[in-house]
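Here is the structure we will look at.
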Amino acid sequence: MADLAGIDWAVAAVLLPLIGAMACFAVPRAAATIGLAAVAVTGAAALALGLQVAAEGALTVPLGGWGAPLGIDLRADGLSVVMLVMTAGVGLLVSLSALGERDARRRRYFWPLWLLLLTGLNGVYLSGDLFNLYVMIEVISIAAIGLTVLRGNLAALKAGLEYLFASMVGAILFLLAVGLVYLNYGRLDLSGLAGIAGAGDAVLAAVLALTLVGMALKTALFPLHYWLPAAHAGATAPASALLSALVVKASLYIVLRLFQYLVAPSEVMVTLIGALGATAMLWGGIQALRAPRLKLLVAWSTVAQVGLIFVAFARAGADGTAESWKAAALIMLAHALAKAAMFLAAGRIKDEVGHDEIARLDRSPIRPTLAQFTFALAAISLIGLPPTAGFAGKWMLMEGAIAAGYWHWVVVTLVGTLLSVAVFSRVLAGFLRFDRVRGPLGEHQGWALADAPPLVLALGALGLGLIAVQVLAFLEIGAPLGGTTGVWP
Amino acid sequence: MTGIEMLSLALMALGCLFFVAGTVGMLRFPDAVSRLHALTKADGLGLVLIAAGAALAAGSAGWALRLALICGLVALAGALGAHLIARLVRTGGGR
Amino acid sequence: MDAMLVFDVALALALVGLAWAVLAAEDLFAAVVLFIVFGLMTALAWVRLAAPDVALAEAAIGAGVTGALLLATLRRIGGAESAETTPRPVLIGVGALAAAVTSGLGAAFLAAPAQGPGLEAAIAANLAASGVEHPVTAVLLNYRAYDTLMEVVVLFAAVVAVWSVAQAPEPATPLLGPLHAGFARVALPAAVVVGAYLLWAGATMPGGAFQGGAVLGAVAILALLARDYVPAPAHRAWARGAFLAGTAVFALVAAGVGFGPRMAFEYPPALAKPLILLIEAVVTLSIAATLAALFFGREPEPLGVEVEARK
Amino acid sequence: MSPDLIYGLAGLAVFGIGFFRALTLAAPLRRVLALKLCAVGASFLLIVAAYRQPPVTADAVPHALVITGIVVMVSAMAVALALIHRIAVLERERSDG
Amino acid sequence: MTEVVLLPLFILLTSLGVAPLIFALPERAAKLRTAINLTAAAAKVALVAWLSWKVSQGVIYEVQFEMLPGLAFKLQADPLAVLFIALSAVLWLITTVYAVGYLEKGPHRSRFFGFFSLCVAATVGIAMAGNLFTFLIFYELLTLATYPLVIHRGTAEALRAGRIYLIYTLCGGLALLLGTLWLYVMAGTTDFVPRGVMAEVVAETPVQAQLLFLVLIAGLGVKAALVPFHAWLPIAMVAPAPVSALLHAVAVVKAGAFGIMRVVYEVFGIDVAQGLGVTTPLLAFAAVTILYGSVRALMEDDLKKRLAFSTVSQVSYITLGVALASPIAAIGALAHLTHQGLMKITMFLAAGNLAEGLGVKKVSQLDGTGRQMPGTMLAFTLAVLAMIGLPPLAGFVSKWYLASGGLGSGQGWVIALLIGSSLLNALYFLPIVHRAWFRDADGAPAVPGRPRIGWLLTAPPIATATLVVVAGVFANAPFSPLEWTRFIVAREYLEPLP
């Protein structure tokens, strides 16, 4: 169905970054300008798609005109459009801050890799076919590994290799799940599978388990998070912002989709997910407390926040999942904005101060106050203090938990909040301490144009809290109602 | 079991025999060069015999031609491979 | 038919045995050689399971090109082995985990309906409208063309990542001597013809872009090995063009047909066959160039450039 | 005991071996091999799903998927091998540098 | 009639909007910054005056927009809110003048004044919050805005104090968050309604309602410095004088007391709370805090710490008044909210002058300061006399109402408590006055030469001292704090006034 100005925005959202990536690769000298233009145009396409979905409800695009089981469908409903717009927005701002990259090789290769990553992300959020999700995940992981190792030093390369192995294992487990689905149902399209997936048979159990383990590996849920801190802390600032804020979300999105389409999880599965999420929050918090460097601290806080998202999903038990995926989506959104702002701010602080060891942060006479202020704003959203988006997410989480009587998730979230307060106050104290400063204290220095993108992102995280109700309403458009009624044994 | 099938089975059995001989040779011979010798000679002949047997079984001329082409190519590749390994051994590399 | 069953069981056991041998081999070179043999055996298994296209792809890419990549990397890292072995309890624990996962999968696999539901009826029904006779090519380039486009994008992403990672020039490969040069002069053009034939046959018989691309890639790799062609920095622009040609043509055709009443990726019936062939041809060239570049392993830096060590 | 059953189980066995060794091996090159074996094991599942008793032609979709899987796997391995090579170069530089 | 509906928002914006402006100002633009500050403060006082005139006509302003499904960000200017806003607006103006003088050449003044106006914005937000959800938002914002002020000096000791302050207040914030959540789930709404929303919930599940009350009071008690949670207040005295004056005497501490008032009056409703039997423990807590605060103040030698402990006990007067559940006591409580603010800020400003001018921090060093800094010490003495409860001054008025309220609701021991605490006040305040005036400075004064504090520092305490006298003597004047509290309580209790 041709639509809004005759262009099929869903296909445009995937092909535009691809064409941009190729253009950047073909003309390396002009990579930055072409790249930025491509990201901007993709953002516009995502917005146009959003307007269309807002107007006409969920949108299905049968590619090649063949229809669901044979061909591949692109499906854009509330959740996918919110993720698309988030990716485009955060991506555009991170791209702006990536313009400041001085090293020639990095500048040449950041843009094609980033645009390929964008293609993969948009592909995942729009895909309505299981195997297509697998291929998109591979595009994402290869581009993400390219970004992780872009810094080029030994530590980044080793972290990148570990990340590659983890994502390859995850992808293969997902491939197995796709194989099992095809073996039993002979079709791969999500909407088709939603109907016929039988209640509680062993296959769906295996598929769900495989996908969960595979995606947990790629999104670094607690026991399988070993690769994330080194990879995200080792990368350059814009790259780590993209990795932490956007790449982690793709596999989370797939888990949500599977729970929506294939089978509603049982009580056992939901409590297991919640428990893993809770341990992730605690472990991430403790490790962040001990992290010596700023970027490592921020990477560990990603591990904790991923745990929080899984707790949000598990907040109201099995029958509550029809509602709690929205709380999880809101926290994902808040985390994307705040984490991107924080990584960029950390990168700015490291550029200005010269190092990012937390213990010695307060000794340097140079104080990039604007970057520190952005870091503090992002921290406030990650902690979940009002009126930020993080707070709105946590409020939804705890409200659902109390309504359903699951008090333990409320206690877990409060402890997690206190832990993250301790983590970030350690950094903020370093910003505000002046008695051990060596040399005259400059005033208002360290302010640069490069501070603008992180500040806008942090203010976005702050402001999003105020419009949380519109976002939640938008999420409900075309959302499949909790997949089948079948409950896994 | 017409005559042709009997013949092709016999040819293929003979071919397998040569292959077994080649493999035994490869395992038993002391140094690399003599192993090369066993491999290229025995397997080459074995291959031709099996191809002939298969051509008989397949019956149509087209398939016979294709099999002949395959034999030619494999022989060529085998010879080149053996030569390169031998050169490597002579220049002191290899295991 | 039980004779073939005996063969199947033998091949299955050989596969499992080879898999264990590959990972248990104490020497890295032996592991790689066994891996190539395993690749060929898998191709044989695909033939037994009536999947000729996959057999071709497995042999050409799975065993051939992957083997070449592995051997090249082995030479570059000089077989340096990290001696540390994982402690026994971890081995037992992970072994138990793997066994549990595999047996779970086995149970799910056995519970599944043998030769269960599939899409072969739908494929057959729409084959006429797809513009090609061979079902696999129809699926690859028409029904699920979006998947194939993204697959070529993955290959393109790989070469971008490899070029962004590798930098320092490395020692030249040893010369392969005159006999090989003579052989190359004869065999390589023949291989190119075989590759082109594979591409053309794809429309009606097992074959197609990826298999043809792999054969042409092998030709390029042989040329690189024999140093008939040494990539110079000046050729980088051409190389970049070659890598992204396949993806670009595929994407532009897919989007191009999308304007107007039709959906993206929906070729007009009359133009289906020529369009598919055009896409396949360019994708084949692109795959060949990409596989050769992956084998070469790095962006051909101007040799004089001293790449300063990363801080 | 039809071929698809035999090869299905063999494929899962190969996956099991690959999965087990991928988590326990330390040498990066061997882990790449192990992961490729896992992928081959997984594609067995798909091809077995496509298998039909001989007179009937096999289902072409899984074949296309496995071809895509092979190409994806070779590109992932190429990136892994490039990383391994680059790490070896940097470690050699560091040790004698 | 809702003429200028957005008036509450304008009042909020005068300080919230100004903050980023001040943050962006470079340090050397002192003149511009002071100008902005003063105009903003003056504008706020003017707007508040207009608002109070409107509200006295019976107009209730309300601004609302939905933030979360079923939860709205609601600003509501009812009489109770206006009282607190009027207090903080006037005192903010005076303290800004004082702060400009106090931080003459100190570093990071832009940052200081930025967070300073954020704090006041939070206080105004707390006052005007229409429901517990909005109250929570500004409650947390207050914590975040005061933390940088407490550690403004950036020394290791300041950071340690800041960390303790943060732990206490954030835990309080989390408790309040938990309470608000639970309230929303149980009662379906968090709106402040004069007769309270918990009536039917209390009927169904009294035990849960009691637990909820405990959680809410614990959350608010931290900021109101009730006994178990008061430890942060003396430690936070390490902050510069204007911070401890405005924030710890007025904004932060009163926010807690104000919160308790809102919860008791407008969430539970006073008679429902009494029926639930939660007011007696609250009464006990308040009484213990009053006595404990006074005793600790007695033992404290550091002047600012002594004042801090006296604040701990004084604030509990308000909680005492609220818990007594009688209209007269409520008037006493509300009156004390303003009077105590005026008295305490005078003392803190005077203490700041002593520290800045003479470098006198300890009570023992106060000999003969009366002659050296007559203006400041006069203001200090006036405030002390008012605090003890000398008849014509403000302190006496609120204590009088509290006592008669206690008598009225049959709690006779309250009078004994008030008399006792007044005695204790006298015991720890009068020696200061005695040292200042009747002892001559033996030996060289702590700081050589005339104390060089300009009029910027001496005028504010005198101004607040005069306000104390005015509030006491003209208690029955139309717009005096006492008159206004009668107006509020009337609306709250809807009974004819005694």
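Letters A, B, C, D and E mark the chains as written, and numbering starts fresh at 1 in each.
In the analysis below, a contact is a pair of C-beta atoms (placed from the backbone, for glycine too) under 8 Å apart; a residue touches a chain by one contact, two chains touch by 3 or more.
In this text the structure is predicted, and so the values were computed from the model without any measurement.
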What pair of chains is linked by the largest number of C-beta pairs in contact?
C-D
Any idea which chain sits dead centre by C-alpha averages?
A
Counting only C-alpha atoms to place each centre, which chain is farthest from chain D?
E
Please report how many Å separate the Cα centroid of chain A from that of chain B, as a whole number.
57
CA centroids of chain C and chain D: separation to the nearest Å works out as 12
Whole-Å distance, chain B centre to chain D centre, using C-alpha means?
30
Counting only Cα atoms for the centres, state how far chain C is from chain E in Å.
74
Multi-partner residues of chain D (at least 2 other chains)
15, 19, 23, 43, 45, 48-49, 59, 61-62, 65, 68, 72, 75-76, 79, 83-84, 86, 90
Using the touch rule from the top of the page, what residues of chain B touch 2 or more other chains?
none
Multi-partner residues of chain C (each touching 2 or more other chains)
105, 109, 112, 116, 118-119, 123, 143-144, 147, 151, 154, 157-158, 161, 165, 167, 310
How do the chains pair up in terms of touching? List each pair.
A-C, A-D, A-E, B-C, C-D
Looking at the complex, which residues from chain D come into contact with chain C?
1-10, 12-21, 23-27, 29-30, 32-34, 36-37, 40, 43-45, 47-54, 56-68, 70-79, 81-86, 88-90, 93, 97
Chain C-touching residues of chain B, taken from the complex the two chains share
76, 80, 83-84, 87, 95
Can you list the chain D residues touching chain A in their complex?
15, 19, 22-23, 28, 31, 35, 38-39, 42-43, 45-46, 48-49, 59, 61-62, 65, 68-69, 72, 75-76, 79-80, 83-84, 86-87, 90-91, 94
Considering only the defined contacts, which chain E positions touch chain A in the complex?
23, 26-27, 66-69, 71, 73, 107, 111, 136-137, 140-141, 144, 148, 151, 153-156, 159, 162-163, 166, 170-171, 173-174, 177-178, 181-182, 184-185
Chain A touches which residues of chain C in the complex?
104-105, 107-109, 111-113, 116-119, 122-123, 126, 142-147, 150-151, 153-154, 156-158, 160-161, 163-165, 167, 240-241, 243-244, 247-248, 251-252, 254-255, 258-267, 310-311
